[in-house]
Amino acid sequence: MSVKKIGVLTSGGDAPGMNAAIRSVVRAALKNDMQVLGVRDGYTGLIKGDLVDMGIRSVSDIIQRGGTYLYTARCPEFREWEGVLKAKAVCEKVGMDGLVVIGGDGSFRGAADLSKAGIPCVGIPGTIDNDIACTDYTIGYDTAMNTTIEMVDKLRDTAQSHDRCSVVEVMGRRAGYIALNAGIACGATYIVVPEIGLDMDAMLNKIKAAKALGKRYFIIMVAEGIGHVDEIAERIEKETGIESRSTVLGHVQRGGSPTVTDRVVASQMGFHAVELLKQGIGNRVVAQKAGKIVDFDIQEALSMKKDFPMDLYNIANDISF
Amino acid sequence: MSVKKIGVLTSGGDAPGMNAAIRSVVRAALKNDMQVLGVRDGYTGLIKGDLVDMGIRSVSDIIQRGGTYLYTARCPEFREWEGVLKAKAVCEKVGMDGLVVIGGDGSFRGAADLSKAGIPCVGIPGTIDNDIACTDYTIGYDTAMNTTIEMVDKLRDTAQSHDRCSVVEVMGRRAGYIALNAGIACGATYIVVPEIGLDMDAMLNKIKAAKALGKRYFIIMVAEGIGHVDEIAERIEKETGIESRSTVLGHVQRGGSPTVTDRVVASQMGFHAVELLKQGIGNRVVAQKAGKIVDFDIQEALSMKKDFPMDLYNIANDISF
Amino acid sequence: MSVKKIGVLTSGGDAPGMNAAIRSVVRAALKNDMQVLGVRDGYTGLIKGDLVDMGIRSVSDIIQRGGTYLYTARCPEFREWEGVLKAKAVCEKVGMDGLVVIGGDGSFRGAADLSKAGIPCVGIPGTIDNDIACTDYTIGYDTAMNTTIEMVDKLRDTAQSHDRCSVVEVMGRRAGYIALNAGIACGATYIVVPEIGLDMDAMLNKIKAAKALGKRYFIIMVAEGIGHVDEIAERIEKETGIESRSTVLGHVQRGGSPTVTDRVVASQMGFHAVELLKQGIGNRVVAQKAGKIVDFDIQEALSMKKDFPMDLYNIANDISF
Amino acid sequence: MSVKKIGVLTSGGDAPGMNAAIRSVVRAALKNDMQVLGVRDGYTGLIKGDLVDMGIRSVSDIIQRGGTYLYTARCPEFREWEGVLKAKAVCEKVGMDGLVVIGGDGSFRGAADLSKAGIPCVGIPGTIDNDIACTDYTIGYDTAMNTTIEMVDKLRDTAQSHDRCSVVEVMGRRAGYIALNAGIACGATYIVVPEIGLDMDAMLNKIKAAKALGKRYFIIMVAEGIGHVDEIAERIEKETGIESRSTVLGHVQRGGSPTVTDRVVASQMGFHAVELLKQGIGNRVVAQKAGKIVDFDIQEALSMKKDFPMDLYNIANDISF
C-alpha cells in the first residue's frame, strides 16, 4: 500500500513541543513526496472536515512556540463508532490515507478505532504529564518541569526571606512524575505523589526533622488531586509553627517555549511516525525507550503499566533536609 | 551631627531588588567611612538586637538575587511606642546613629516614629505593588510585572490552543498598577482594577465585541481583592459560551532575580539614603519623581494620594480587541 | 484635513517592542475609523509599494514577539529626494495620507523629508540603544538591557567558579546607556562608555583595589566601539595576574520577547502617533519625557543633545568593589 | 574497609548542576554517618589542603545555582606522580579515605591515579560538552543546550526581521552534541560538527535549496573549533546574496541555573558515588546508560569511544528547509 496523503492533528490537552512534532511530520512527509493536511481542533475538526493544506513554509517559525498551531479540543463524538465512521468518510473524501495523532491515551484510543475502520493512524505521545505507560518520555514533560522549577525558584526567594513553608501544587493528572522530579530539583523537603498518597505524619515529621537540623524555609511539592494545598499549609503551620503559604501553579505549566529535549524528541517522533505511515503501517504509537525511538501496537501500549520510580523517590527523601 | 554607624533593614513583604538596595547602602556608607550593621528580620530583629557587621564583601554576589538577604518580618510590637523605645535603646547601645528602612508605608510609619525618638531614619520604597504615593516607582515593581507577563505569555499558549478565556488574578494589595501594566503588556481584553471596580456587564460586552471581531482566545487580568477569579471565569463561560479557566498567580510574583530597572533604582535609592544620613538628616523617604531621585518628609509622603492613570487604562481598553 | 488612511513601517535596526507599537498604531487607527496599510521592509517597501491591508486581527498575537512583523531594511535610495518623491507617489496612489515611522534618527530624517514632500509622518523612537536625544526612552532599550544582564549573570557563574575577570562587550552604537545601566545592574567593577572613553590605568587600578578588598571575580562592561575586548582582557590578565576572558554579546541583545516597559511604552507611543495623524499633524516625533508621552518637531528633535548621566556613572563607580 | 570521611571536589571547566552533585554527595554521606570535606579549587586545593568541613546546611540553597560553590581550577601539578603523592599525604593527614571528583576526562585521569595511590576516588561526569564516552549524559549538558537555544531564539527575531542568515558558534570542545541538538531545536538550516567537518558546498547548496523553497531567514549552527564563523558568514553572503551575521555565544553557555534534568541527574550521580565509596570502592566513574545510573572502571571508561548519532544528524538535515 502506498500512502500519498496524510493528516496530522493534536488532541487532548496541549503540550509544548506539539508544534515541533507537527513541523517534523509535515517536513518528513513532504520529503517523502507525500501531501499533508493539517486537521484543526483534533478529532472534532476531522469529523467536520476542518482541514488545511500544509506546505513546507506552513510550519516555518513554529518549532519554538508553545501550544499547538493546529488547535486542540476534546471530542466526545469520536468515542462513538458513528463518529469514527464520519471521520473515516472525511478521510476517504479528501484522499487522506494515513493520520498522525499527537496526544495522550484518550487520543490513542481514537487512533486505534480509526485504524480499525481502515485509516492507518500513528500516535505520538504529547502530554506534559508523562503518564503514558509505553514510553519513557512524552512531549511537553521536560518543558512543564522546567517551568515548574522556574516558578518554585521564585517562591523560594520569598519563602526564604520570610522563613516560611511554601506548599506548591503542580500538575500531573493522577501521575507524580512532575512532582517527583521538580521536587528533587527544587530541594523540596517533602514530595506528595498519588502513587504513594499523602502521609500527613511522615510529612510533618520530615519538616520537623529538617527544622531541627537548622533549616529555615521549606518547600513541599504536591501533585494535583491529592488534597487541597491550602489545607495542607494550614496543617503544617498549626503543627510546626512555621508560617505556611500555598500556591497552585496551574495552567502556566502547560505553556511556554519548549526545551531542547521537547523539540528534539518531538522532531524524532514526528519523523518516525511518517516512516511508519509511509509503509502503510497504522495502529502504532511511537515511544522512547532507553533513549531509542521505537513503536508499539496501540492496544498493547494502552494495556501497559508504568512503574513509579521508588528509588528516585527514596533518594529525594534522603538528601532533602 | 556626624553619623558614624548606620543600620539597614528590610521590612514588610519582600521584593526583588531589596538586596541591590542593601548592597548600595552598605557600599556607599563604607565609602563614606561609616560602619554598617545589618538588622535581621526587620524591626523584630532591631528590638531583639539581631545585628550583623556588614563589610564590603558581605554584600558581594547579592545584587542579582531576589528576596532579602537580611530577612523580613512584620512586627506588631513596633506599632507601640514602647517597642520604638526598645529599638532606640538597642541603637544607642551599639552606637547606631542612623537607619535605612527598606519597605512599604507601614515600615515608613515605624521609621517616622524611630526618627521622632531620636534615631534618624530614612525610608526606601520597596514593594512589588507600586502603591506608595510619594514615588513613581517602588523597588520590585518592574520585576513583579515582568514575572507576571512571562507567566501570562505561557497561559496564552494554552488559551490559544483551546480557544479559551484565561482569567488571571495578579497581585497588587488594593492597587491596580500591576494589573493595568501587565494587562496592557499581555493584550488583555479586559483589565479589572480596584480603583475602578468590576463592571461585569462592561467586561462581558467587551469580550463579546472582541469575539464578534474574530478574536478566538481571551485574557482577563484581575487585580487581587476584586473578586474570585473562578467565579468570574464561570460567569464568562456561562454568558459568552467561551470555555474559561482561572489562575491565581500568587506569591511567584514576589520572587525572582530583579530586572535592570529594579537593580539600578535600588542602587540609586540606597546611595541617596546614605547621602541623607551622612548629614544627619532623618525622617525622610527616598522617592523617584519624573526620573529623578528625591526625598520627602515621611509624614508628608504618607499623606499623599496617588492618581490612577486613567489615560493609560483608556488606551488599554481602546487597543485590546 | 481629515486623514482616512495611514501607513506604518519599521526602519533601521529591529528592536523588541516594535510589534507592540505596530499593533497599537493599527488598533488605534481602526478605532478612529481610519484604514491602515502595513509597509514591509521600511522605506524600501514604501518605494516598491510592498503594502498589506491591516485589519484588527492582523496584529493579534504579536505584542509578545521580538523583532518586527513588518520586516525592516536600510534604504539608501530614500536619502535622495528622488527616492522620497517615489515614496510620495506611492502614498498618493493608494490614498495613504499619513505614515508612522518606527525607528531611529536616520529613519526620522526620512520621515521629515516625506513630511516636507506632503505626506505627514510621525516618528516613534525604536532602537535598543536609547541614543535618541529628544526622548528619555526608546522602544527596545529595556529588553536589550535585561537580555544583557541575563547573559552576564550566567557569565558571572563561570567567572566566579574560576576566579576570573569577565570582559563583556555590549551594544550601544556610540552610546553608553546599555553599558552603564547593565553594568550597574551586574555589579561590574568597571564600566567603559564612549562618552568617557577607556582610561586603562583607571580601570586597572579599580580592579586592583577591588582585589585588595578581597574580591575574587570581576566583571568589566565595555560598550561596543571602544576597543577590542580580547585585548582588554589580555591587558588585565597581564597587569593584574587575574585570568581573564572576553565575550562579545552581539546580536542576541536585539531579540527576545519585549519587557513590560517596552510593550507598554510602545503601546502609548503608537496611540499618540495616531492621535497626531488623526489631526493631520506630521513632521513630529513621539517621545517620553519625565514619564509623560509628548512630541517634538523632527528637526528640533534631531538637533538636541543627550547628556550622559555622570551622577549615575559615579554611583556605579563608588559601589562596585 | 569502612569509609568514615570523604572529600568532594570539582575540577576542569565548571558546569551547571555541579552544585546539585556536591549537595547530593554531602547529604548522602552525612545520611550514611560519614563526614565530608569540601575541597576548594579542584586538585590544586587538595594538594594545598584547602579543605572545609561540610555540614547539612553547607549545601543549603545551592541546588539552583550555576557554577561551582567549591571553585574549580586546572592543576598541571597533579599530572605528575609527585603531585598525586602530595594529595595522598593531605588525605591521610586529615583522614580522608575517599574522594568524589566531579569533572571531565582529565579529572578522571587524576582520580584514577589517586585511587592507585591508595585513596579510593569516584568520578562524576560534569561538563557541558557531553563528550565523555562511557555515559549518555554529563552534568551541565542540558542547561548549556537550553541556554544556547534561548539565545538563538533571540537571534532568530533579528535574523527574521532583516531576512538575514545568522551563523552561530556554540561550544562543544571537539564534540558536536550541543551543536547537533541545539541546531535541531532551533530549526537550523545547516549544522556543522567536528565529527563530520565543514562541507562548504553542501552547506551553501542547502541554504540555496531552502531559499528556493521560500525560506527568508536562516540559522547555521557551528560547533567551536571548526572554522571562523565570521568567515563562514562572509562566504555565505558572497555566494548566496543573503546578508549574514556571525555570533560566538561563548562562555554564557557555561553558566545559569541548572535545568531539571541537570539537577536530578546530578542528585542521582552524587548519591550513587557515595554508595560506592561507602563500600570502599574506588577507581570508578558514575554514568547514565539507557536511563539507568551505573558505574565503570575509570581506565575502561577512558578507553571507550562515543558514536556520533548520524541518524539524528540526518533527520535534522531532512526536516530543516
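A, B, C and D label the chains in the order they appear, each numbered from 1.
Just so it is clear, a contact is a pair of C-beta atoms (placed from the backbone, for glycine too) under 8 Å apart; a residue touches a chain by one contact, two chains touch by 3 or more.
Since this is a predicted model, take the numbers as computed values, not measurements.
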item	value
Shared interface partners, meaning chains that touch chain A and chain D	none
Touching chain B and also chain C, the following chains	none
Intercentroid distance (Cα basis), chain B paired with chain A, Å	36
Between chain A and chain C, centroid-to-centroid distance (C-alpha), Å	39
Contacts with 2+ other chains: residues of chain C	153, 156, 160
Interfacial residue positions of chain A with respect to chain D in the complex	20, 23-24, 27-28, 31, 56-57, 60-61, 63-64, 136, 142, 145-146, 148-149, 153, 156, 160, 181-182, 184-187, 213-215, 257, 259-261, 263-264, 267-268, 270-271, 290-291, 312, 315-316, 318-321
Residue ranges of chain B in contact with chain A within the complex	10, 13-14, 16, 18, 65-68, 71-73, 147, 151, 153-158, 160-163, 166, 245, 247-256
